[in-house]
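Just below is one structure, and these are the notes that go with it.
Should a chain be cited, it is by its letter among A, B, C and D, assigned in written order, with residues numbered from 1 in that chain.
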Amino acid sequence: MSDLTTTTTFDDSIFADRESEVRSYSRGWPTVFTTAKGSWLTDINGRRYLDFFGGAGALNYGHNNPAFKRALIDYLENDGITHGLDMNTVAKGEFLQSFTDRILLPRDLDYKVQFPGPTGTNAVESALKLARKVTGRTSIINFTNAFHGMTLGSLSVTGNSMKRAGAGIPLVHATPMPFDNYFDGVVEDFSWFERVLDDSGSGLNRPAAVIVETVQGEGGVNVARPEWLRALADLCTSRDILLIVDDVQMGCGRTGPFFSFEVAGIQPDIITLSKSIGGYGLPMALTLFKRELDVWEPGEHNGTFRGNNPAFVTAKAAVDTYWSDDTLEKETVAKGELIHQAFAGLCDQYPGISTRGRGMAQGLVFEDADKAGKVCSQAFDNGLLAETAGPSDEVVKLLPPLTTTTEELEQGLEILATATRDAVGR
Amino acid sequence: MSDLTTTTTFDDSIFADRESEVRSYSRGWPTVFTTAKGSWLTDINGRRYLDFFGGAGALNYGHNNPAFKRALIDYLENDGITHGLDMNTVAKGEFLQSFTDRILLPRDLDYKVQFPGPTGTNAVESALKLARKVTGRTSIINFTNAFHGMTLGSLSVTGNSMKRAGAGIPLVHATPMPFDNYFDGVVEDFSWFERVLDDSGSGLNRPAAVIVETVQGEGGVNVARPEWLRALADLCTSRDILLIVDDVQMGCGRTGPFFSFEVAGIQPDIITLSKSIGGYGLPMALTLFKRELDVWEPGEHNGTFRGNNPAFVTAKAAVDTYWSDDTLEKETVAKGELIHQAFAGLCDQYPGISTRGRGMAQGLVFEDADKAGKVCSQAFDNGLLAETAGPSDEVVKLLPPLTTTTEELEQGLEILATATRDAVGR
Amino acid sequence: MSDLTTTTTFDDSIFADRESEVRSYSRGWPTVFTTAKGSWLTDINGRRYLDFFGGAGALNYGHNNPAFKRALIDYLENDGITHGLDMNTVAKGEFLQSFTDRILLPRDLDYKVQFPGPTGTNAVESALKLARKVTGRTSIINFTNAFHGMTLGSLSVTGNSMKRAGAGIPLVHATPMPFDNYFDGVVEDFSWFERVLDDSGSGLNRPAAVIVETVQGEGGVNVARPEWLRALADLCTSRDILLIVDDVQMGCGRTGPFFSFEVAGIQPDIITLSKSIGGYGLPMALTLFKRELDVWEPGEHNGTFRGNNPAFVTAKAAVDTYWSDDTLEKETVAKGELIHQAFAGLCDQYPGISTRGRGMAQGLVFEDADKAGKVCSQAFDNGLLAETAGPSDEVVKLLPPLTTTTEELEQGLEILATATRDAVGR
Amino acid sequence: MSDLTTTTTFDDSIFADRESEVRSYSRGWPTVFTTAKGSWLTDINGRRYLDFFGGAGALNYGHNNPAFKRALIDYLENDGITHGLDMNTVAKGEFLQSFTDRILLPRDLDYKVQFPGPTGTNAVESALKLARKVTGRTSIINFTNAFHGMTLGSLSVTGNSMKRAGAGIPLVHATPMPFDNYFDGVVEDFSWFERVLDDSGSGLNRPAAVIVETVQGEGGVNVARPEWLRALADLCTSRDILLIVDDVQMGCGRTGPFFSFEVAGIQPDIITLSKSIGGYGLPMALTLFKRELDVWEPGEHNGTFRGNNPAFVTAKAAVDTYWSDDTLEKETVAKGELIHQAFAGLCDQYPGISTRGRGMAQGLVFEDADKAGKVCSQAFDNGLLAETAGPSDEVVKLLPPLTTTTEELEQGLEILATATRDAVGR
């Protein structure tokens, strides 16, 4: 492996020839990656890339974080349980203990923890199932430009029309409502949602739950204001509707605090976590819910890889390393501000762009969507990974590892500034 | 980790207190496991258990197989890419090459490979979506006592009523047909399915696809005869219906050959693989389909953990180690026969039991379902892990690692023989 | 109107030019009808046609039955309420009284009566809604080749694939089971239905209700044996599933007794009636259900024309005239036998045909479906109306008015015999 | 019948004892009606009631209109075809000719005519089916407080939550949008609908059609402005979505012109008519659609009573009598203004009430919904029939026969004025 850059045992054409046309990132970043560390990836030619993409939010602590790597390798060396379904294991017990002590209790959140399968969509599916079981209702409220996953239940609450079409069946049981600021502040928030909920003749099926992201990443870095989130939580409480916060991408410190909804001071009924919860980029997901909602029958929801114990080891290491105090949270806020300032500067300088975000989830929005694509393409050529988001791919979305240094951030922002200037300037 | 049996940092009550009521295996096997190797697990008290459960089919090559362990740890030590979505990586390229050279080409199977997300249900969901997209139809034919997963699409083609009820919405778009031998051989195979397919007045929605397991594991080790599978494949071909073989549990050599359908000489249109494909118990899944069916748009189906590169490393190692020749296949058939003989002997000896299975997927069926539970419970007390299956949990289902030695097999079968004698004897 | 055969105020081309392509009977019978009486229609050219089609079952008492005509015209002359929704009217009260006294009480059937809107599909929709409301379940069992109507709920339990496709959405919530004799007696009755009902792993959603026709008219005059109907009723009772008999076409004496299920001695939970219930061919329908199932909220199901009072007047007249004793029932059985004998004679004489039916619902089944169409076409040319039925339109279906005289029957059967000979003979 | 007020052959208790609990109007108007003429009904005690309810819109030409009565009785006396499915008959041909010559051609509307079954919900179901077939899409946009019927397809686009719950299955495939003025003019019209249609990430399934009433009767006499309707039509055209105007209640002159949408100058793609189209209160319905949308297969939608020929006779008489010139239209507008002035006067006089409507569909809206019920109850006691509408039954809705004289109108309005004064006055 040490000589990855020199010899491999496969023919480069194998990706195009053998892998399905469904592949996507490999098209925009047409190289073969070998190794990675912190905020950097290296490709087969020895070229290094600064990673502002961050595994789509799965690499908040960077690639192959040395603080967890030793624990993981030690665990493997010692033949710790690798695959455990929902059997009790030391790795799971230690994770649960750390998660309880460092995440839940300090935030006064007494949630039960479900291991629903190791991916975000498993967590969302289990959340929807539980909400329906608890309430006896079928309908879900989602929001414009939401993204919750690709399996059928999650897809039905996802906004993107191309991805929805992939279902091949009509996606029903969900009704989209306008996300915060959908009408650019012109229309009073919730006027539509509140009205149809309370009008017995509105034709809206009474919902089991509302599912919301506090910041919509895939949807284009759309940020819900704390007051909007509070109003949403109040609305749900008063109408006896469960509130699900999908924190798969924005949780684990992405916006600053561990849970993205902490900024609003709310306590959702159900929370989904995945992506960075495993710490090391290994598949893992959690569904959290208020104790009184734990009405599952044993085995009513399951999954072969719900006990991915190596991920429990790195998840515990991540919690212990980064969430024993508020250092990371403060740094994330500060670095987010640094990105924001850089982007705001570009917006002042060039027409047709704007910026939005929270913490280290930041977006640069192009009126001309093509230019967002061009910026990412040029950035890649200059050694930076960043992807577009939004319904028309009009937003350059940054999710750098939270552990990215200020110098790295500045280096990457410089590349983006150049690319932006070339795309929209003069 | 070396002292796992003596000290831990969590309180044992944390599982019952913090983990959701949905947990199941930990109820039947009430201990805390620490390490595992080959066919053996060790618990926190130092007690060892022979594993005839095999991670529900995810551990065909045993726990922490030493042949793969070094490759995995080397990869991690060298900071190989851990999390890669569908970016091209060396680990993925090498896996694809080995899988093509050792699995696909020798079997004359020119399938495209999709990485649909790292679990079986991701693979099934993507298979159903693709079948619907290709055909423009919505309806799927599944079989009695099928099991395909817990997300909404997979759940709709799963038989178990308790698990279906967990959906909280009516599960539609699937119609169950009788699996092979559902009527104990009295009724001609396919008489119902063929008839309603061809009767334009039958009320059956014209299906996009049939999804079938060649041996239903969760359903109770129900074995489809090769001639039934061939007839099913012929029926699908002649009526222009896609045939999906869900080989998540029975693939990767469980029944002898790499693909379980090889025994029937058929070529399904779509195949799902997961569980043991990663080799080491790490989350990984594949969806394979005929080249002409690859109509996906880039990104039309995706998933954060679809590129779990450490699993690609062990998957390649597994393919290279075990599938360069037919040694494993032959041993699996022989060991399966050994289990079968032992079970057949019990059936001769005691009333109310029968046996069925293929390769190293073998079941001991109890007329009185409670007794199957008692056998597994006593087996656990005597140091053996085995689980029940079937609609009434009436089958003791064995999925031991294929690498289990003859001595280990005999040791475990002896425990089961005793437990069976105590349950049904005299 | 007296000179209908000589002058009209419209251009003959108006039907083809203005009426939708959905029209069907007018294509097979390309003339313009003016008047009708008993079993005869007259067209604009003064040509007379013997009617063995009987308004698809809506004209059991013949066209413009003189016994009801006077009551109807008197009612209209006296300005009796025409349109009454569900207001109490004399016409409704008198119908209810007669229906109770002459139909329900003598048969020991204490059903509540709902006026669900004036068509069969209204009755079926209300029956399905009620069954779902009572049981809290969504799924319905229907049978192969069933026909229950064209609105979305009724269509979902209808078999015909062309009609189902017209829905434009996937029709779900219903699972078809084999109707009696679907396998030509080879397969034991109910083996499939019973088995999947009782197998908790079968994947069959637990049904709210079974909906069945005792003789499937549109489906091809398929006759369920009394013992099959009894077994079905027993199965429903023992599994707590509601039994709906759709007697829209086979009720009102078509098979002999007023309700077609009387032959089996069963008491369905819910019954639908329409077509001939109004007596005079006027739109009217009833949904009957056991008293304890009457859980409707006021107005929970409604319909503008549910109180078609002129039809109540003729419905009462029909009940009073024909159902005060068993004369009609006996005559229907006798005339049915007459048709059967004639058809049996043809079957003896010619290859490739067979016959089936009950009472005055009789079918002549052609192995070569085209020949059934030819028979009907030639019959029309010779002054007889008869239509085809069955999934391939392979059955010449007879539903003559029950009031057709023996001479008329013989006259019509002669025409059919000639047409059959020309189609299949030699 | 002449002595209806003195003798009947039924026991008064039969309604409560035998008719389903679903009955509704008979609860608010607890008497038994015998005869009716023009705007008056008479009950069994000889008491007369002025009818401002108008058969829920089915009696635009009054009860038993003498101009049609003779034609109807003559037709019956002469044994004209009563029941004709979609066979060509003189009655149908003459109706089609008159409808073409007097309704369609003068308005430059070249629609094909479908007879979808004799009720409004048949027409709506066929409209939805056709829209889905033409577009290949499944989703429908409906509006808050819409009412379209009680069969499953129509119910899914209806707003009322109690009626929706009666379905017993989740009603899907429809998304409600705000009807005109839903936000009291505060929110810009269409801001929500236009936005989600054009946002490919909104999660809204691309609709096959929009279904709208120009004035929502059951929904509470909510009036869409002509400019809103035009904007809706433009939106549909520009996005290739079919526009269905459900004119079942507001068509046939209720708001003045024959079609209620004429005021907006639009040409819907599909129109549904029923209720007053038959003229005499007999069941009849039409589905009209642009010629190029007539993609039905023969028999793809059908219905036993789609050829209710006596209704064709009175329908033709109604068209000939009332739609040869614009007299009725002008009178309707004038009488509507008379009602409006009376209601406006009440609103000036008393607090907590307001009024809205168009033509002779007028509503008096009570802030305190109970008072609307009290007004109707007192009106009944004083010899006037009027019903409430709206999601909380907060609107006294008037749909008097268009043939009601000015004196009758004034008489009825006086009764309502008194009842209103007693309910809200002082």
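Heads up, the rule we're going with is that contacts are C-beta pairs under 8 Å (C-beta built on N, C-alpha and C of every residue); 3 or more make two chains touch, one makes a residue touch a chain.
These numbers come from a predicted model, not from an experiment.
Among the other chains, the CA centroid farthest from that of chain B is the one of D. Both copies, chain A and chain B, contribute mostly matching positions to the interface they share, with over half of the numbers common to the two. The interface with the greater count of contacting C-beta pairs, when B-C is set against C-D, is C-D.
Once the centre of each chain is set as its mean CA position, chain B and chain C turn out to be 50 Å apart. One finds 30 Å separating the Cα centroids of chain C and chain D. Residues of chain B found to touch two or more other chains are 138, 162, 169-170, 173. Chain contact summary for the complex, chain B toward chain A: residues 1-2, 4, 8-12, 14-15, 18-27, 29-37, 41, 44, 55-59, 63-64, 69, 72-90, 92-94, 96-98, 100, 112-115, 117-122, 125-126, 128-129, 131-133, 136, 138, 149-154, 156, 162-163, 165-170, 173, 208, 248, 274-275, 280-283, 287, 289, 294-305, 308, 310. Residues 169-170 of chain B are the ones touching chain D in the complex.
In the complex of the two chains, the chain B residues touching chain C come out as 138-139, 142-146, 157-162, 164, 170-176, 178, 182-183, 186-188, 191-192, 195-196, 199-206, 219-220, 390-392.
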